[in-house]
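Shared between the two complexes below is subunit A, which pairs with subunit B and subunit C, respectively.
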Partner chain A sequence: MVTLQTTQLRTGGLPVKEKRSAKQRAGTLGLILPGSIGLFVGFVLPLIVMIRMSFNQHGTGGQLVETLTFENYGRALSDPFYWQVIGNTLWLGLLCGGLAVILAYPIALFLTRTTSKWKGVLIALAIAPLLTSAVARTYGWIAILGDQGIINGFLMDTGLLSGPIRLNNDMPGVIIALVEILMPYAILAMISGFGRLNNSLEEAAGTLGASRFKVFMRVTLPLTLPGVFTGFLLVFVLSISSFVTPRLMGGGRVFILATEVYNEATQTLNWPLASALSVILLILFGLLVAGYQQLTKRFED
Partner chain B sequence: MRKALSGTVITVIYLFLLAPIIAVFLISFNSSSALKIDLGSPSLQWYQEMLSNSAFIEGAKVSFITAAVVSVVVLVLGVPVALAIARREFPGKNALSAFFLSPLLVPSVVIGLGLLLVFQPLALTGTYLGIIIAHFGITVPYVIRTTLMSLKTNDVSCEEAARVHGAGPFTTFFRITLPIISPGLIAGAVMAFIISFDEAVISLFVAGSGRTTLPVEMFRYLQYRSDPAIAALSVILILISVLLVVVIERVVGLRKVMNS
Partner chain C sequence: MTSTAEQMHLSVQNLNKTYPRTEVPAVSDINLDVQQGDLVALLGPSGCGKTTTLRMIAGLLEPSAGSIRVKGKEVTSTPVHKRGMGMVFQSYALFPHMSVLDNVSFGLEMRGGGRRGNRKAAKAALDMVQLGHLAERRPAALSGGQQQRIALARALAIEPTLLLLDEPLSNLDAKLREAMRHEIRSIQQRSGTTTLLVTHDQDEALDMADKIAIMENGIIQQYDAPQEIYEHPTNKFVANFVGKANFIPSTSVRQVGEGRYSIEAGAFGDLTVPGVVGIKGDRAELVLRPHRVRLMADGEVAADRPRARGQIIASSYTGNVVSYEMQSSDNDRVIRIDQLSHPADRLPVGAEITVSFDPEDAYLVAEG
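Here is the complex of A and B:
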């Protein structure tokens, strides 16, 4: 009886449901609004400004001309240099993706199968490098591969070489370092994608007389292929957008979209062109990510 | 024999994966400025050198302050959004959750350039406010993800019970929901701290000629020199990361947080 009265009092005659839902809607808005404004200011607005900037003009005196032109895209897509840059970017992605997958596969297979009590530690050891600074790890590779680095130093000290072989300041160094830096992503993607792998299937194939090679080709590989694909695409996508490693390991001699965006934005101060290159990178990236998501969705079904 | 072979392969790949970290660690104790590994006479001179470099000290200060502020701001603004997504019904819910994860789908260089274009006219480059705004977008997805994970794995019956017994929404949140999801919140905040602390690309774009973070100072230093002072600094950074990773692993499990 008492509760009935209080309900009537609180709702003030309005139907309970309607009043509550209006209040709840306001509450929901209050929950999502501050965060959304934050994300709009720190993420959406910069993208909008950048896309608008890509249609502006870089005046002959270096000043910014507000206009609507496709000139920057025209230049980026007609100049052979930028074709080379886009080609380099995709080539870097393909190579890093492929190599990272080849190296990550045995590790992921091992981590999925092992029953060792160290399994947790081994998984952490394989993916924890992700959370250490990319600058620090790139420095590690400079120290290993540089002209005065560990490998060259060792080879020259032992008299095997008279002068240093160039390992960094060029594409090979960038690829070695990027593969190592991005490999944990491939391992992570593969471990999650290897869920369907089942020891009993492989054992059955073995019992029925298949050789180990045949078991791998006919059972293990097909079952793990989805994980391999997602791992490959993930590393591909991350390497075409990488910047710190190509810049530091490449020593200014490796030209990819990300380094060109940085050069145009901070050295040449050609913001419209930098923006147009960014939009191109964004589109490439978006297409690959969309492909990646389609693929993971299909594999999950 | 077969087992030994596959064991060797696994060990070699692990060594490759950990090579730069091992190299950095060994070189940081060098007694000369050469990059070769010299275990004959270990010294701490590069640690001293690092501590006397004012750019590094200033960068470290900026990085710590930024990362701490970012991890608080991102919790205060991000957790309510996750709460709404997990516990409320409203139109456009899926779009909203996709929106909050979308910064992970845009290359850092692109976000960095966009922020530079917005910040330059407003004189926000090289300021705390600028760096914090810049880091908000790239850290909020992790907080949303870990909070959602905690909210979804804990059922709502406790919260409903509290409401039935007369607790208001605020009381319910602070007395029931918050304690239940706190592991997810801690993991999210620690992830936000690590990402903000290690982020180099976006910070580089918004640095201008003003204040900047430690990774940017390291990046600039490395463009001209590569002596073991950076190795000493890297060792410290790696140790901080390892410490924080252990916290995440203990609280919720590293794999859950990293996997999208």
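Here is the complex of A and C:
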């Protein structure tokens, strides 16, 4: 690319087809190769193995039978329990994505707009929670939401409650914790997606007679929507593939694809079914990303 | 026509702005009366407070003190979206997610009215800037000059009580800038829209404005018609900022009439010249425009004209004008002379010359 551009400059803007030398090509290959090998060994190969595994059979004695069958998919898709799991997973993703975006939006907007000299520090602070592991932060939420946690403790100490209310060990706790844990990603994605927003656009709308509300609806929101989509997609994907938080906060009552894959793989030792569930999760991802790309394409006309 | 605030279209009184966390005011005691239909230029160097003033008038910035009245009505605390002023931003600020037509009809839509009527009015505004054929395009697909005109059409479509232009031409190339000057001026005059133009370009201000307010460090130094600003600057800053000027240190200054002084102007000797009313002290500076200095032919006598001899130490050629710098023979003054050029007449560096000028073309200002 670079060589082509300099050639264009030299010839006054006329692109000249230029044979790239063998040396240049070797250089490009050398740069791409390490990453490609890593990706192939670490991602593509396991993926192929996993897809292949999903067509194997789980023998009655628990042994693995090499074959080619859709049995696992049939089982996963005919069992209402797994439909429930898929539904739970999507619901968790939608809710976490939606809540994280709603909560992160004003923060991202503020961080984009502020002219404070502390802007850099504030952005670093907003994403600093990423420096602690999700495990530690999940335990933090257990300490807050648990039966003996801060909230129940306070409500019982003040006599407002006689016994603890169930805040964790169920979907609400998982959602609260996931939204908090994933919010920094939403903030980051939105800040980088708010590039088209510009103070003078909002001011121009104001001079043209738009009230603050109208300015927001007609200018700010449309211009920040791409960032909102990206933030939503990121949180959605991260929450439907999350394992630690649903596992620790769910108390065995939250059934989503990631936890079921884990159960099948480590407890039932049904690897073919676990693989089939993983493939289903992967297809969900794929559909979503494709939908997202359609949406952004529509947006850019 | 009297000039009481009631009859002025725009009347700004003692406007002040000190930004938070700053010590010096960005703008102090701005007073500005603008007549209906006039185009007034706020002219000054970068950072002198032009944009600050304009934004306060638009309602985008809250003044620290002072009042703004439009047609006699106080608007100082009216929110921006109720002021009905059209503004063209330096960056044009066209909405990137809307078509050109939607941009232009946005202001009409905010005012209510039927969709069809709005579109028709927006179309008419686009036709006014001769860009009706681009109505369905996105702003990003247009050139700078076209975006500029769309921004103008958008501001004019709402039939603003006041049109505010913040350095509207500064992002255009030189040729286009000059064409746009005339186009903006003619549209402004045709629509009769009272306009405030912010610029740091003196040619732009002189060319377009009915009146010019010269600003320096947040203060209006002079507010007058272009010709008055150029011919009768009230101080050295104005004379220096608008056009080129020689400043000839003058001594023995004595007032001999209203705005007339007798002075001793260095090599040029004793003169009687016009000047700013009320110069105190016996020292002042004589403003002499380079193109009003005349090269005298050999042996020419003009007994009634002040003259000085010297040597050309530099010359530059800009096509229509040759500029010389002359070191006068009896003091260290360098005088700049602009001559309409003819290649055959161009004098070499080192040539001995005599220059003169008409004292009535010079203007005395206080030492600054």
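The rule we apply is simple: the second predicted complex is superposed on the first by the 247 of 301 C-alpha atoms of A that agree within 3 Å, B and C clash if a C-alpha of one lies under 4 Å from a C-alpha of the other, contacts with A are read in each partner's own complex, and residues count from 1 in each chain.
Everything below uses one rule, namely that a residue touches a chain if its C-beta (ideal position, glycine included) is under 8 Å from a C-beta of that chain, and two chains touch if they have at least 3 such contacts.
Because the structure is a prediction, the values reported are computed rather than measured.
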Three-chain arrangement built on subunit A, subunit B and subunit C clash or fit: fit
Which superposed partner A:Ile175 touches (first subunit B, second subunit C, both, neither): neither
First (subunit B), second (subunit C), both or neither touched by A:Ala124: first
First (subunit B), second (subunit C), both or neither touched by A:Leu167: neither
First (subunit B), second (subunit C), both or neither touched by A:Ser241: first
Most subunit A residues touched (candidates subunit B, subunit C): B
Touched partner set for A:Arg25, first subunit B, second subunit C, both or neither: first
Touched partner set for A:Val219, first subunit B, second subunit C, both or neither: second
Subunit B versus subunit C as contact partner of A:Ser211, first or second or both or neither: second
First, second, both or neither for A:Trp271, with subunit B first and subunit C second: first
Shortest CA-CA distance in Å separating subunit B from subunit C in the superposed model: 14
Common interface positions of subunit A, toward subunit B and toward subunit C: none
List of subunit B residues in touch with subunit A within their complex: 6, 9-10, 13-14, 16-24, 27, 34-37, 73, 76-78, 80-81, 83-84, 88, 90, 96, 99-100, 102-103, 105-111, 113-118, 133-134, 136-137, 140, 169, 194, 197-198, 200-201, 204-205, 215, 218-219, 222-223, 226, 230-231, 233-234, 237-238, 241-242, 244-245, 249, 254-255, 258-259
Parts of subunit A lying in touch with subunit B, wherever the complex brings them together: 24-25, 27-28, 30-32, 34-36, 38-39, 41-43, 45-47, 49-50, 53, 103, 106-107, 110, 123-144, 146, 148-150, 153-154, 157, 177, 180, 183-184, 188, 191-192, 240-241, 243-244, 247-248, 257-258, 261-262, 265-266, 271, 274-275, 278, 281-282, 285-286, 289
Parts of subunit A lying in touch with subunit C, wherever the complex brings them together: 196, 198, 200-201, 203-212, 214-215, 218-219, 222-223, 301
Subunit A-facing residues of subunit C, complex: 58-60, 80-87, 89, 91, 93-97, 106-107, 110-111, 138, 154-155, 158, 164
